[in-house]
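Following this line, the structures themselves.
Okay, so subunit A shows up in both of these, paired with subunit B first and subunit C after.
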Partner chain A sequence: MTLRRVSYFEASARARVAGLMDPGSVLEWCPPQQRHSSPHLALLDAPVAFDDGVMVGSARLDGMPLLFAAQEGRFNGGAVGEVHGAKICGLLRRALRERPRAVLLLVDSGGVRLHEANAGLIAISEIMRGVLAAQAAGIPVIALIGGSCGAFGGMGIVSRLCDALIMSEEGRLGLSGPEVIETVQGVEEFDSRDRALVWRVTGGKLRRALGEASDLVGDDVGAFRAATLAALARPSEVRDLERLLANQQALETRRQHFAEARDGLEIWRACGFAEPEAVPMLAVDDFNRQLAAGQAGGSI
Partner chain B sequence: MSDAGLFDRLFGAGAHQVRVDGQFVHGEAQLAGRQLAVIGTWNSAAIDGDLALAVAGAVLAVVGADAASGTAPRPIVFIADTSGQQLSRHEELLGINGTFAHLARCVDLARRHGHPLLTLVHGEAVSGGFLAFGLLADRVCALADAQVRVMDLRAMARVTKIDFERLQALAAASPVFAPGAANYWRMGAVDELWAARDDWAHCLTAALSAAASASAQDGRAALGETRGGRSLAAPIAALVDDA
Partner chain C sequence: MEKFNLEFDSPPSPVGVRSTLCGVVSSGNLEVLVEAGEPSHVCRVEVNTSAVGFRDIWQAVLADFAASHAAGGLSLAINDAGATPAVVGLRLAQAFETSTGGPT
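So, the complex of A and B:
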């Protein structure tokens, strides 16, 4: 079966869900028809959305029952407010009861919605606890990142709590966005208009090289689907004391190894790419092949 | 700004061996005959990867030591004084968000090992620095004048392009975006507020027993609804959960 390539980056949250899941299997809770929008945005005369910028529901993937949340980056940068966050928290709680095969988080968010900043920050903390609780109950949580807003702020932390993190090259992942860093620390620290630099510091190829993204895929909804299925076939990591001590050691080693690094080129060089400058131009398949070859002797 | 007299007021002079190395707080204390671990950040630290790993390493050391000795898991008192995450290209490149996630997972491991977790906010607790560990405790206590926020109102006015005067007026009526420990109390993320005149050692003893008997479930949304500061989080989550 040959499917038409659908850009994950360009698609809306709803189109991503429709393209990822088995046809006819999607069920949404708190749909736009019920009009649960943000009263806090309304109070500030800011535009509201009837789904508050996130779609939550259940679906099947190759027949397997899943729960999902899909953030809409085109509404307020996918930012998390009280209602938006509560929908994701409710979904994660439901997962404990319903025990789906996995929970998928289609992250497309700059983090906390400043118009309701306190509610957003607390909601993200609740989402973090919700993800940890689902995992402790043996339900894997998988993050998909390939939208225009990437995964920043608290959603960048949430994404790194996930069992698998699937990114496209266009996807970005971090904590503080380049614009925020430039505003506070100056353009010499981070020039947010230098798009190539931004992608070398936050983009999918950097995150995959560091092992933070578990998979790098092309900008195609079908490729995200295939990678999600592959991730579900892998066993979930056990996070006991021994494992966290090993993670601690690995993070400390990374910081020693890259004590001065400020550009993804240095990471790619260390990963065995002979021409780091050429990495941004590499096709995804070539990148994945060269990364695997370069890391044959152990990952960084 | 952190006050060096804090630990004497919390545990009594001579009843603690808490050290501050740079902006990293760590050590032991005794309270009401119980041994406590004290871990955290100091002087409005902008938390970078090194400091986050220092906190995470200290948490793992406490969990490891108590598991190895077979003693009852000690309560952990987190001292959260942070102006947020370190803003730097280097930190972003090395995945500071992932390091914060690792720290959060270490805190969660401690909870699952049975360590009661309590956070004290005495200076500033801001944004990502607060998310990484302080906000995840079973019980969060704050001094009434502590600064808890995502961003100050002036910066928020700049980013949202809403007049500062308008935000100020709305802040007076709504806890949803105005900085301040009392607003986080009303929204259910801070369990208790301590006044300057309170006996903090007494407050801490009571709060630790509350932390020890805290439910494994996250009750913050329900608390925020009861206190009237966050009326939608609990019912919306319930709508999705029960649909």
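So, the complex of A and C:
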């Protein structure tokens, strides 16, 4: 299938779903016509959205039945409130009953919605439990990150629980966002206005180099679709205790190895990139090729 | 927030209107939910806007939309976060086109 290139970054959540899934296959649950808006935002006299910033439903991808949730980053930064979280949580629970081929999470979120933070935090923990329950039932959960808000806070954790994590360079992944780090630790620790630094530290290329993202794709809805299909063709990682302990050990080793690193540049150098300064400008294919070559050459 | 309901006479919309949501509630933007309504020569609009005190301008922009489109029998619901009149006009035209399957 050849498709006109559609920027994943620029597209709305609804446009991403329309571009990713098989045409005519999307069935939305709790659609905007049902007006499941946030009661908390209304109480605070703030604007609400008819879908509370997330679209959930079922669809087909190359004929395979999937469930999906797509967060709209432009509504309150894709932040998770009570209704928003309940829709994603309900989707994951329904997956246990419907047993789709996979659940896709189109993450575009700064984390918990501060207007309704307690409800949002509970929702995040329920979503995490829902992801683990789906995986335990043999249903892979795949995160797609390529929107303007990236995946931060609780949604960053949720993304890292997933079986595959597909990112574009424009996508970002982290726990505390750049402005939070600067506010808490000072501008010497992290200058959130230095956009190049922010992307070198949280962006898709660094996350792929560290192995946190399983795939790096171009900013194109069609590329995300192709990578999702490729991820579904791979066997999911077995998550027994032995594997979890090995992952924990690998994280500890990585933390020690990069203890002095202050920038993505140092990590790219350690990954075997000959010209770390040129990495931000590398096309995705060249980046993936050089990363694979560095890994084959024994670099971390 | 300010909420109000407005009604405008408008020629009956084409048959087979699809309920659609257009736009996103973000700063300077709005979402428009189009649904089938009654009666067939009236366009009903429910506005929920963060910009208080602009009802007269909404009235003018929506009247212009209802006059230039066959929007009778449509029910529009709007969540607005301070969109300018030009953005509102374009979003309404987009919502109309998407829900009726093409420009008129």
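The rule we apply is simple: the second predicted complex is superposed on the first by the 296 of 300 C-alpha atoms of A that agree within 3 Å, B and C clash if a C-alpha of one lies under 4 Å from a C-alpha of the other, contacts with A are read in each partner's own complex, and residues count from 1 in each chain.
Operating definition for what follows: a contact is a pair of C-beta atoms (placed from the backbone, for glycine too) under 8 Å apart; a residue touches a chain by one contact, two chains touch by 3 or more.
Note that the coordinates shown come from a computational prediction; the quantities given were computed from them, not determined experimentally.
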In the superposed arrangement, which partner chain does A:32 touch: subunit B (first), subunit C (second), both, or neither? second
Touching A:207, do we find subunit B (first), subunit C (second), both, or neither? first
For A:56 in the superposed arrangement: first (subunit B), second (subunit C), both or neither? first
When the two structures are overlaid on chain A, which partner does A:231 contact: first (subunit B), second (subunit C), both, or neither? neither
Thinking of the overlay built on chain A, is A:75 touched by subunit B (first), by subunit C (second), by both, or by neither? second
Touched partner set for A:167, first subunit B, second subunit C, both or neither: neither
Contacts of A:12 with subunit B and subunit C, given as first, second, both or neither: second
Between subunit B and subunit C, which makes contact with more of the residues in subunit A? B
So, A:126: does it touch subunit B (first), subunit C (second), both, or neither? first
Report, in rising order, the residues of subunit A that make contact with subunit B in one complex and with subunit C in the other. 46
Sites on subunit B touched by subunit A in the complex: 49-50, 53, 56-57, 60, 63-64, 67, 85, 87-102, 104-106, 108-109, 112-113, 127-128, 130-132, 135-136, 149-151, 156, 159-160, 162, 166, 170, 174-178, 183-184, 187-189, 218, 220-221, 224, 230, 232-241, 243
Subunit A partner, complex, touching residues on subunit C are 1, 19, 21, 24-26, 29, 31, 33, 35, 48-50, 77, 79-81
For subunit A, which residues are in contact with subunit C within the complex? 12, 14, 31-33, 35, 37, 42, 45-51, 72, 74-75
Which part of subunit A faces subunit B closely enough to touch in the complex? 29-30, 36, 39-40, 43-44, 46, 56, 82-83, 85-87, 89-91, 93-94, 97, 112, 114-126, 128-130, 132-133, 136, 152-154, 156-161, 173-176, 178, 180-181, 184-185, 189-190, 201-202, 206-207, 210, 212, 239-241, 244-245, 247-248, 251-252, 254-255, 258, 260-264, 267
